[in-house]
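Read through the structures below before going on.
Here subunit A shows up in two complexes: once beside subunit B, once beside subunit C.
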Partner chain A sequence: MLKIDNTNLIYDIGKEVQTYALKNINLTLEGNRMIGVMGPSGSGKSSLLYVMAGLKIPTSGTITYNNTDLSKLTPKKAAELRLKDFGFIFQRHFLIDYMTVLENVLTPINSDSMEGKLKALNLLERLKIGHLANKKPFQLSGGQRQRVAIARALINDPKVIFADELTAALDHKSAKEVMDFLDEYKRKALIIVVTHDPSILENADDIVNIRDGVIVTVDSLKGVV
Partner chain B sequence: MKPLSSYTYIKSNSKKVLPSFICTIISVFLIYLFGLLLFGSLADIDKSSTNVVSKSTILYTNDKSKPISDKIISDIKSDPNVKDVIPFLGMNNNTSFNYSAVFGSSSIDSFIFYSEDVGKILKNFNLKLVSGTIPKDNADEILLPLEFTKQYKLKLGDYLNNVSSPDIHFNKTYKLVGITKGEVWIPIVCDVGVITREDALKVGMGFFFKDGTNMGINDKIIALKEKNIIILDYKSIKEIMDQTQASINVLYIFLDIIILLVLCISLGNLNYIVFLGRKNEFAIMSTIGFTESKLRRKLFIENTTVCLIGFIVGIGLTTLTTELLNIAVWQPNGQHIPVFRLDSFCVALIIPAIVSLFSMVSSVREFNKLSYESLCN
Partner chain C sequence: MEGNESMKPLSPLLYTKRNKRKIFASINAVTLAVAFLYILYGFTSSILSMEERAHVLFYKKAASISSFEQKPIDKSLIEDISKNKNVDRIVASNFNYGIRFEIPGASDSAVAVPLRSADVDYFMKAQGIKLIQGNLPKEESQEVAVNKDIAKNRKLKIGDKIGDSINKFDSIPGEYLVVGILDSEALTSILSANDSILPDYKNEEIVLSRSFYVFPKAGKKASMDAYISKVDKTRVVVATEETSNKAFERKLGALKVLDVISILSIIVMVVTVGSTKYAQYINRKEELGLLNALGYNKRNILFRTFKEVVITNAIGFILGIGLGVIMQLFNSKRLWEPLGVRGFLFTTKGFVVAILVPLFTILFSIIPINNLINKLDPIKMIEKN
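Right after this comes the complex of A and B.
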């Protein structure tokens, strides 16, 4: 369970004009489902995602994950939590250029075991890029690279997947395929997708609408938030 | 191989690590070769100095009107650790050689002994008479170490005088009658004249120790403070040689420090540039959940691996170069440089140890700036 209580994230503290990236956010996310975070550019949706992931420390308020206050974790414990329980997909793929596709996928578990390789290959197959396992990122198209990044995010069986504008660099067809794949995966994890494109959230269970750092509405499409 | 292993990185980035690798090889080569040359040459010079007195002592009077006292002779002869007391008629500075080691040279005078004692001397010094015979008394014959004969291109039966080489200083012509091989280099002549052995013993003597670690008799003689007595023992010769070596050591250390500094700075900058190109790689790993210490360790292991492989190749290259030079250049000239020396090896090992640590300082300082936010920039 991911719970956000009275959370504020303020930029330019101490200056004349303070900017609220997030203001009085209260949100509880439970169960394996897909949550969309929607809002225009600069609305604070990415800030919300990174605060929830513990990558950004809020100015006030608490973020708890399974009753653990993320702000109280040491950097080491926070890193361990991210490695074990979280998966990240970014707007850009951020693959490691000298590694093969397979090695990139295996990076979070840093494994060369047969079991790990089979798991990675299985993920790549499901993402329809199994035949590219030994290619380097520069040999792939943008859509293929993003699929590799998705496989990398899923290799450690994360309980929460944070996806920030993951389809922004993809064409509509690739974006649809990627979202369909994540839809299949949502039975196993809580997936939080930040986007400004409502068309990719047709499989989302709930949509959090955010504007100027404030949650405006929470649309529960298939359940209750 | 694991994705984060240094092998994966080095295999895929051979061009990036090549400059560090080559720099390490060259530095190890220079430091190790210099160490081998320097200390190998000193070891050669020791063969005609320290080694001569490592198991023996030479004693003589510098005033012929004041012979060595009976007390000293009797003390030496009665010492249970002393064996083979041999009359020594001095070092003949009218028959001296210049021996050129690979690094530096030394002047070596020949020793005058009775022909009948030369066998004992060779035995005590573990010297092998590889060819020829022992010089006869007053026959203008000379016994030389093998290395000298190679250096001066001499063979048995050759006559040596000032004309033979500008580095041979003889007041007359000697015939080369024997060649020795071993860890002690002394040219021996038997120009004993007409003096009896008994009288010769009062002019000078050489004596050997049964146990080279117990040379107490030397201290006893020095304590007598007889002004005419000159004693060439291990302690005094070692002191003189150590003084020479100390200044050479300073030069060696100075050179090592310069190479290390240049290498740390240049490889530090090089690694930093490479690191800047890998910032996204480390930022994504940090975001995924690899701790800063794990990433530092990864960078350190990669650096150390490159430096260690460079070190191994550098040592191999030096060994090969030294061996080839030994075969082609030095050994035919009576010189030799060992292909391995533990002290020089350890000094060369400092290179990968220090460089791999210090060359990543600038890169490591960037780690605390790594975050998911740096991915967005």
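Right after this comes the complex of A and C.
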């Protein structure tokens, strides 16, 4: 369970004009489902995502994950939690250029075992890029790279997947395929997808609408938040 | 295919293997510095070995006494010394003669000892000298048996001549015919006894009153040296193993410039390789930030980069030592041996100084990289893109 209580994220503290990236956020996300976080550019949706993931420390308020206050974790413990329980898909793929596709996927588990490789290949096959396993990132198209980044986010069987504008670099057809793939995966994890494109959230269970750092509405499409 | 290699994705070896071009400059710099220092110390060892053979080794088996300010040595002193329980025999000679040799980095003289026929066999046995070619010089002639390495250095063969008429730097008056070649650790050559270089040589008492060598009984060298050292220095000039070692060490002091060169080389390496490495890691900030975002803590990331730096330096060091040994082998065969000098494939000091290059480079590479990793902010990296 991921719980956000009275959370604020303020920039320019101490200056005359303070900027609220997030203002008084309260949100509880639980169960294996897909949550969409929608909002225009600069609305604070990515900030919310990274605060939930523990990558950004809020100015005030608490973020708890399975009863653990993320702000109280040491950087080492927070990193361990990310490696074990979280998966990340960023707007850009951030693939490591000297590694092959397969090695990039295996990076979070840093494994060279046959079991790990088979699992990675299986993910790549399901993302329809299995044949590219031995290619380097520069040999791939933008869409293919993003699929590799998705496989990398799933290799450690995360309990929560944080996806930030994951389809921004994809054409509509590819975006649909990727979202369908994630839809299959939501049986196993809580998936939080930040986007400004409502068309990719047709499989979402709930949609959190955010504007100017404030949650405006939470639309529960298939369940209760 | 690269994907079939069985290496963990974050293995430092994988990075090294996949980025050969990028790390080539670092490896190359370490290799050259290690090889340079290794060769430098090998070069110096060859020079020092020749100097030691010319000036120190003789005194490991004998001592010498000569008159002070040309005052004849007291008969009583000569008698005391020759009868001392540690002394086996004294041999009349003159210490003023030497044969010039030249090697890269040094020019010097090796001792040439004029000996009466009666003393030659004893002297050669006591000094471990063997005649390997030709004959020994005869009394009353102008002949010389030259040490084989000095002969090599001067390209002398039997029938050639030496002396200050031939080479103005030889400390032997006139011309002496080479009649034999000698082999020994010390670079000692033997001259004929004649009235020119050993005046009154037929009268041992007179020759002994000017200068003589002292040889110990078996196993008594240290005791003999201790006894000789106590002889009144206002009466005679004494040379023992200790005094010759001290003179040699004074010469070694001049080689301190080597240590300065070594330190400068190491500093240049540290700055060159350290800054190259730092630049490489600045270019890999995105990769390091990603790993931190995915959940690798900064200690994991630093340890991985440390291993990469160690691998780069270890490869550079191994290649440097390899190159150094090959160059030393080449130097031995082509440079030193034709000049009668020993070449050294391995020198402990060369190895120790050479290993300082990778050690300091690792240390001074990892300090700024550690600072870089500590300042990593994955979120900045993500948002920047």
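Worth a mention:
By definition in this document, the second predicted complex is superposed on the first by the 225 of 225 C-alpha atoms of A that agree within 3 Å, B and C clash if a C-alpha of one lies under 4 Å from a C-alpha of the other, contacts with A are read in each partner's own complex, and residues count from 1 in each chain.
Here is the rule we use: contacts are C-beta pairs under 8 Å (C-beta built on N, C-alpha and C of every residue); 3 or more make two chains touch, one makes a residue touch a chain.
Quantities reported herein were computed from a predicted structural model and do not represent experimental measurements.
When both complexes are superposed on subunit A, subunit B and subunit C occupy overlapping space and clash. When the two structures are aligned on the shared chain, A:K76 is found in touch with subunit B and with subunit C. In the superposed model, A:V216 lies in contact with neither subunit B nor subunit C. Contact with subunit C, but none with subunit B, is seen for A:A133 once the two complexes are overlaid on the shared chain. Of the two partner chains, neither subunit B nor subunit C is touched by A:M1.
The wider contact with subunit A, measured as residues touched, comes from C rather than the other of subunit B and subunit C. In the superposition on chain A, A:S111 makes contact with both subunit B and subunit C. Contacts of subunit A with subunit B, set against its contacts with subunit C after fitting on chain A, overlap at residues 50, 55, 75-76, 79-84, 86, 88, 90, 92, 94, 96, 98-99, 103-104, 106-108, 110-112, 152. Subunit B contributes residues 1-5, 8-9, 12-13, 280-281, 283-293, 371-372, 375 to its touches with subunit A in the complex. Residues of subunit A touching subunit B in their complex: 50, 55, 75-76, 79-84, 86, 88, 90, 92, 94, 96-99, 103-104, 106-108, 110-112, 152. The residues of subunit C lying in touch with subunit A in their complex are 1-4, 6-11, 14-15, 18-19, 286-287, 290-300, 378-379, 382-383, 385. Residue ranges on subunit A touching subunit C, taken from their complex, read 46, 50, 55-56, 75-76, 79-84, 86, 88, 90-92, 94, 96, 98-104, 106-108, 110-112, 133-134, 152, 164.
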